[in-house]
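Two complexes follow with chain A in common, the first pairing it with chain B and the second with chain C.
Right after this comes the complex of A and B.
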């Protein structure tokens, strides 16, 4: 399963969902397919689910809203341990990702 | 033609499909050229090699034969020269022998004076004519009368007053009469001699010669004055003296032999060219010269031998003295080697013959005279204006004592044999011609064989190429027919090879083309109908899209309107007496969700800044709700910034759930009551530049949570107090500023923003805002602006 255009690529491998490139989609409707892909990963896997954002250079505010919704979704599923891997290399990540931890304190946020 | 198999033949093209449009560009022509060329080159190489070998063989054979024949020819001519030289030597040896015999007899007489006198008186008795001389008044000499076997002359200076020979002279005359006994028989036998004679010693040089001739008369005629000088001095100057020196031991013989020879000269008696052979006689005690015995031979005799030389057609011989004077040669030979005769009539002594090689009109011969040598040499002679190669061999004869006026020296005659090379090599040339003929014949046969092979190969290639290329020609022809839109054409499959396969494939393609062409109209109709349907579908979709666009356009317009309507008025910005506020906002192409506000109630100012996720009508509505709730809470007198945010979030969360607006927003407030400034809520960093230029950055992450995500954010909200002094400035911004990109995709960033704020902090809030925005726009350049850009600058008055 993979979603891509010229600027980004999102794909799932086992329990891991990778986000790569620059995501600047217009709004919730545009982000819906990505939400489905990631939510499916949350639903289909027991135990650990990893969102790997280390290759995601930029995410606009609608995208951050998507991550918040996914975090809230994970919070509803007690059997899922969500891990979000990020990097301090990209400023938006250190600015926005800690909010997810606030939404869901059990979230394993790995900011390298 | 072969069986067509399953292929339906509508038109079967024969293999002779015309390819007339490109006779030399056709496949067949190329095939013929390649194969024919290969064969031609092969034939030329093998033929050339054969010809070359034959030529070489012929050359080698000719060379070998030539070498052998030349060797044989040279051996022959060398042998011939040797044998001729032997003949000449033999002739001369015989003369020498005859002279020797005569000399021996005369010497015997001298050695036995008594016997000499006896024999002399005996002959006088029997043949008085031999010893009785009578004076000739005209010549002033005495000579015996004709009729005797020999003539004897006594010169004037040998006679006494009464014209009779002196007694000692008379005695010599008597003694010499023995010649009458010996000479006639010697003249008859042996080699042919002109005459034999005795000459007395210098004191009494009588001259007795057999056979009898009018010798004194002849001398008078040819040699005037001879009677006044001593015979020896007149005729043979130096000769007598040489002999004398041999006798006394003062001089030695140049060649160890008594016989002395003269060079050819004109005989005084016979007028012929002769050579004289002398054998000196000695006194009994051998201390002095006592006369000489002699014999003359005419040059004819030598010439006969030499002229008898007959080598090949026109080869000839010649006999030359060492000085190059040719003494014997045939007339033709004389002409060939360019000799010029010049008789010397001057001077004393016998008259010589001057016909020297040195004077030859042929330079090669003149050169030969200067450097005679021996062995075979090749000369180029001019013959009737044409240069002809000749072969010349020179053979030196045994040396002799030769008298020439004044002295006696060693001399060796040379025999030369001259043959035109073309004659001596005639057989060689004939052999070479035969070899050449044979070679030419072989070459001709070889060329004929090559031509014949070429003809056969060409015919075979033509025949085979017709078969091989026939199929391809047929294919090409059929393809042209198809091009001319004759889709009924089919090719006969004549072979089972690749051409056959191509033909079958072609036929299948032709069938398909034919099928498609015939069904084209129907296909077009079907496709047209499909396209019509699609077109209708597209226009329906188009109409839908238009409606959608209109709706979206309207929505955006409404959203933009709401955003602008919500923003504070300029009068509201300048309503504070302590704070100078400048605001800048630029909406992106597709309106973003930036929000800022300045709310005033009872002297308390609440300055808000936020960013709604996404854009469009929903963002606008959410913004409007935020503004309304904030205004309501402000009006309701909620002074606690924490409670303010918790209540605002709670109200909005419920409304978001109801309206199903799938959005949230970051939102921060600055509360200012005239003394202190409190920051609450989570948004971008707040930048403070103190009056002295010191920079402070306040992180707001821990002061709240995005609004609308959680129903209760009380555990996350906090405040932070900032003491604000005069001329301190605060800069608020949305991420549209820090995340603006330049052409290289690099972000403007918080650092640049801080730098600009510090740089401009002493200026008015408006100038600071304008300066930062100018810098930002210059940074972005012509690159796309992705998001709304909002900047608020507060300055403490």
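Right after this comes the complex of A and C.
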């Protein structure tokens, strides 16, 4: 499954959800289809689920709220180990992703 | 005409005499959501040009200016009443400053002042986590995280001026500043 427009692409492959491009949608309603796609990966997989953000250049605050909601969803599922893969190449990731660890200390946050 | 200032008072008075001034005109542009991204991209590109010699430094400054601009303009587009959005930005020494002015209605003004009073009375990092937990437990139509991420993750300084400008109309002027990390290790 895939969601895309000219600025971004989000797709799932097995236990991994990839986020690419520039995401600045207008709010929770606009992010709802992406939430559904990523939450399905959390519900349909046991063990490790990976959100790969290494191609996500920019995310607005509504998008940060989306990642936080997904992290809280993973926190509710004891059989899922959520891994978030990011990169220090995009400054927003070093600034904002560590907040997700505060929500869910068991989150495996990998910032390369 | 009443006037209320919240946040850092000195910032609300700061001069923008040397910088860029953009007006997003209501009507001809059919102002919409995409103008915030387009405009913040332009401001980030234009303001970070003097730092282009260092790739890391430029990426950091470009991003911080882009994020701040995008969040402030998104708010203006989202909450405005019909009328122009006036945007000023400048770099003075090692500080980026931005000012956004638009009209809102009195209900929005009252609600926003309550949110700001709460925001300014607590530690932004703790409030950010608290707000995220509240959002996850509700069906709120807005995340309310824009200003909190600016305060908690970007150490932005902010000031808001609310001035009554007519019946059911308030002119909101938001001023923000960011210390620029002028070392590439910053």
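In this text, the second predicted complex is superposed on the first by the 112 of 112 C-alpha atoms of A that agree within 3 Å, B and C clash if a C-alpha of one lies under 4 Å from a C-alpha of the other, contacts with A are read in each partner's own complex, and residues count from 1 in each chain.
The criterion applied here is as follows: contacts are C-beta pairs under 8 Å (C-beta built on N, C-alpha and C of every residue); 3 or more make two chains touch, one makes a residue touch a chain.
Predicted model, so just to flag it, every value in this text is computed and none were measured.
Comparing chain B with chain C, more residues of chain A are touched by C. In the superposition on chain A, A:92 contacts both chain B and chain C. Shared-chain residue A:54: touches no atom of chain B or chain C. By the touch criterion stated above, A:65 is placed in contact with chain B and with chain C alike. In the superposed model, A:110 lies in contact with neither chain B nor chain C.
When the two complexes are superposed on chain A, the residues of chain A that touch both chain B and chain C are 24, 26-28, 58, 60-62, 64-65, 68-69, 72, 91-92, 95, 99, 102-103.
Contact residues on chain C toward chain A in their complex (touch as defined above): 33, 36-37, 59-60, 63-64, 66-67, 70-71, 74, 78, 125, 128-129, 132-133, 135-136, 139-143, 145-146, 148-149, 152-154. Note for the complex: chain B touches chain A at residues 590, 593, 611-616, 618, 662-664, 666, 682, 684, 701, 705-706, 709-710, 716, 735, 738-739, 747, 749-750, 786-787.
Those residues of chain A lying in contact with chain C across their complex are 22, 24, 26-29, 58, 60-62, 64-65, 68-69, 72-73, 89-92, 95-96, 99, 102-103.
Listing the residues of chain A that touch chain B in their complex gives 24, 26-28, 58, 60-62, 64-65, 68-69, 72, 91-92, 95, 98-99, 102-103.
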